[in-house]
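Sharing a structure, written as C-alpha cells. Questions coming.
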Amino acid sequence: MENNIRYSHMSHWKGIPYKQIPNFRDFYYEDKTNIAYYQDWDMILKYHAGTGYEGLEVAPWDLWDILKLFKDLGEFKGFVNDRGLEISGMFHGLGPAHDKRNHEMLLAQFKGAVDNIITMGGKHINVCPGIDYAAVGPMSEEGFQNTIALINECGRYSEDHGVLLGLHNEFFCAMNYPQHRRMIESTDPSCVHYCIDTAQVSLLGEDLLTFYDDYHDRISTWHLKDTADPKVAEEVRYAPSNPEIQDDGHRWFWEPGKGVLDFEGLFKLMKKHGFKGWATVETDGTPDLLASMAYASYFYNHEMGKIYR
Amino acid sequence: MKTAFSLDTVNTRYQEPNRNRVESKYYWEELFTLISAGGFDAIEMPYDSGFMGARCAYPFSKVVLDVKFGGVDGFKQDLAGKGISKVAGLQFTPRAAGSVEEYVKGFVFGVKGMIGHAKLLGCDYVIASVSPEIASMGALLDKKDELLDALAAELPALADEAGDIKICLRNEYWGILRGTAMQDFMKKVDSRICYCVDLANLKIAEACPFCFIKEAGNRIGCVTLTDTSFVDEYECYKDNNPQFPAKQATQVFKDLGEGSIDIKGIVALLKEIGFDGWMTVSNRQTRQVSRGILRARYTLNNI
Amino acid sequence: MGNIQYSFMSHWKGIPYKSIPNFRDFYYEDKTNYAYYQSWDDILKYTKACGFDGIETFAMLQEIDSIFGGPSGFVDFVESHGLKISGMFSGMGPGHVKENIPTCVANATRAIKLIAACGGKHLNLCPGIDHTTVGPLTEDGIQNTITCLNEIGRVAEDHGVHMGIHNEFFCIMNKPNHRRIIETTDPKYVHYCLDTAQVAIMGEDLCQFYEDYHDRICTFHMKDTVDMNLPDEIRYSPSNPEIQDDGHRWFWEPGLGALDFEGLYKLMKKYNFQGWATVETDGSPDLMASLAHSGYFFRKKMAKIYE
C-alpha cells in the first residue's frame, strides 16, 4: 500500500564536484580519508535511496554546479531516477519583492525556476517570500502589498503549470512574525500554498501545532526539521549581523527528536487532516549530513510511521 | 623572503564532511591560532566583494569584517592577538561573463575593490586571475585577443590606484594564459604589473616553474607555494570543473611537500635571483586543514 | 518478508554510550560529527534506516554487560529499534593442537550460549589462528582442527545455533586445506559462513565456491575485494598481512570492488538461499557511508535479482 507521505531530502550538500567517480579506489588511496565518499552525485544519490528516501529537493544554488556536470536538467533527472529517486521540487528565493521595480525581473526568475522544476519532474516550488530582515526590515505597508502582489502573480503561473507554490518563511526574513499570518491570508488560496518549515515557523514565533491546525488547508508540503529555540526573541530575529549563521556555532536546526518540537502531536494532526504528498526532510546545520539523513529517516519512517505514514 | 599562509586552504565552496563548521566565526578564530602555532605570522586571504552579505563568517569581504569582526581594525587586532601580524596579500578570481565588455568591467570592479580592501588591511600584494575557466567562457574564447587587449588597457589605471601594492597576475592551468602563454601577455602590459608565480598551476600546464621564475626575474610580485603530482593526461583543463578531473578523480592541489614539485630547489632559485617578496603557502583542496599547516611547516623547515 | 535478512557487522568498535541524553550539549563541546557516533541508540537507528534487519557483533563485546547489564538488556534495546541480533563472530583459537581443544570448545560454548541468549542464529567462527604464527598446518593439525570444529558444531546445534566456518585469507587453515576441511567436517553440525572477499582473496572463485558448497552455506559475510587469488607470499607473510603497512585495503563495500555479486545473487536465487546475510565494511574510513551504500546495493540493486 502506498504511503500518504513521501519523504524527500533537501540537498544541503553544496558543490558536489563530480557526477560519478570512475577511479574511486585510487581516489580514496590518495589520502585515505572519507572525502572520496562525498564527492559525486552517484554515491550521494545512492545514500538517499539507501537511507530510505524516495526523493530529493533541489537547492537552486546547486543548479550552476549540476549544469557543469550534466548536459541539462533532463539528463540530471534521468540520473536521479536511475537510482530509484524522484525530484520532489526546488527551493526558490523570491528576492527583493517589496520593491515593485524588481517585479519584472523577479517574475522572470520565478518562471525560469518553475520551468526547471517541470523539466526535473518536480511538483513543488518552495518560496522564501522576500529578502532578509537585516537588509530591509521592518517591512513597510507598501513593501508588504508589493510582495503579496508578486506572490499572487507567481502563484498563478506555477498553478497553471502544475507546480505548487508553497510559501516558506524564515525567522530572519523581512516578512517576519508581525506579517506572517496576514501574508498567508492576503494571498490567493487557489494558487498560493504554504510549505511549513517546522523549525522556521517555530523560531519565528508560531506554535507549530496551532499554526498547522489553522492553515492545514493551505499546506502543500513540508520542510521537516527540529529546533531547540522556539519563539526566538525579536532582537535575535532582527539582528543586523544576520542571525542565520551564529558566530559561536549555535545551531538553530536539529534532526527531529534532537530538538524540542512536538512531532508526535504534529503527526497526529497530519493524520487528522489526511495530509498526502511530499515532505522534505531538512538537516541543515549538521556536521554530518549522512548521519542526519539516516537518523531522520528512522525517526519519520519507523517512529512517526507508527502514528501516520 | 617572507612566508605567509593562505586562507584558501579552507574549502568554502565544495562538499566535504563537516563542512558547515566553516560558516561560523568561531572556526576562523581558532584557525588563526592554528596557523600561528604552525609558525606563520602572516596570512593571505581570498577577496570577496561582499555581494552575498554577511550570513557566513568567511572573513574575505569588508562587509563580513564589519559585521562579524569589528571592522578591519578589529580583525587586525584579533589576528595580532593570536600572533599574526600581517595580512600579506589578497587574491581574486573574476567570473565568466557574456561579453568582453562585461568581463573587463567585472575584472576591474573586483580588482579595484580588492585594492581598496588591501590598503585598509595593509597588504603588500594583490593577486588577480587573468581568466576564469576556459570551459566557462563560451563565445568569449573566440574573442581572446580582444579580451586580453581590453584587460591590458585597464591595468595602468589599476596600477596607479594600487600605488605601493603590487598587482600580481595569476595564470591557472585552466585559464586562457595557462603555462608560458602568460609571458607574451606580460610583455605587453604596464611594467608595474607583476607575476604571481603559482608553482602547481605552472607545472600542470606543462610549464617548468624554474624556467618561468628565471624568465620573470624581477617582475615576480609574489610566489604561491602550491604543490601537485597531477598530470593532466585527459586535458581536463578544457572541461568544466578542471580542479575535479571527471575522468580521473584526484586531489589536484596537494599540501605543500606532498606533491612532486621540488620546493627546496624553487626556494633556492628564488634566493639566488634575489627575490625578497612574499612566498605564500596555498594548501588548496587540503583534506585536513591543521594537518596541512603542519605538513607545510615541516616542508619549509627542511629546505 | 524476503528470503534474505540483512545484518550489519558491528565494526564500530567500542560504542561507549547507550544513548546520549544531553546530545546538543555534547555536540557543542567540539562541534564536529563525533557525537553522532557515540551511542548505540543513534547507530542502531542508522542501521535500521538503511534497510537492515539486524546486527552481528563480536562475541567478545564487553558492552553487552557494561552498558546493557547482560544479554536480555542488550536484546531489548536492539529490538526496540526494530532490529535483531543475527549472530556473533568469534575465533576458535589454537584448536589445531590436541591439548587446546577442550579450552577452544569451552570458549566457543560460552559464545554459543551468549548468542542463544541474544536470540542469535549464527556463530561465525574463524577456524584457527594466523598462518603467520603457526602455519603451515601439519596433518595432525588438520585432524585436530576438524575434531575441534565438529565438537563446537555439536554444541552449537544443541543450542539452536548454526556454527559456520569463517575462513580468512591469512589463517592457518589456508588454501591447501580449505576445501578438505569443509568436506571432512560433519555436515550435520558444521556449516559455512561464506565471506565473499576472504574466500576470493584466498584463491577460490566466489561463484564456483558457492555452487560447490551451497548446501553447507548457512550465512554470508558480504564484502568486496579487488585482490582475488593473492599469492602465497602475501597470505603467508611473516609480517601478518591483514592490516597493510601502507593502508592498502583488502576489503571494499559491495560494488566498489571487483567481485561478481550479480552472479552470486543468481546462484542464491537458484538455490533459494534463505536466512541472514551480514554486510561487512571493514576497512572503510566511514562506516556510515558504507552502511548507506550497502543499503542501496543490496536493497535496491541486488534485490532486483533476489531478495
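First chain written, first letter: the chains are A, B and C, and each begins at residue 1.
The criterion applied here is as follows: a residue touches a chain if its C-beta (ideal position, glycine included) is under 8 Å from a C-beta of that chain, and two chains touch if they have at least 3 such contacts.
All figures in this text were calculated on a predicted structure; none of them were measured in a lab.
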Graph class of chain-chain contacts, one of line, ring, star, complete, other: complete
Geometric centre: closest chain by C-alpha means: A
Identity of the chain that, by mean CA position, is farthest from chain B: C
Cα-centroid distance, chain B relative to chain C, in whole angstrom: 50
Whole-Å separation of chain centres (CA-atom averages), chain A against chain C: 41
Distance from the mean Cα position of chain B to that of chain A, given in whole angstrom: 35
Residue list for chain A, restricted to those that touch at least two other chains: 24, 33-34, 37-38, 249, 286-288
Sites on chain B at which at least two other chains make contact: 17-18, 21, 26
Residues of chain C engaged with two or more neighbouring chains: 31-33, 286
Touching residues (chain side chain C, partner chain B) in the complex: 31-33, 286
Chain B residues within the chain C interface of the complex: 17-18, 21, 26
Residues of chain B that touch chain A when the two form their complex: 13-21, 23-27, 53-57, 67-68, 135, 240-241, 243-244, 246-251, 287-288
Contacting residues of chain A [partner chain B, same complex]: 13-19, 21-24, 26-27, 30-31, 33-40, 44, 68-69, 132, 134-135, 240-242, 244-249, 284-289
In the complex with chain A, residue positions of chain C that touch it: 23-24, 27-28, 31-33, 36-37, 42, 45-46, 48-51, 81-82, 226, 247-249, 252, 256-257, 284-286, 288-289, 291-297, 299-300
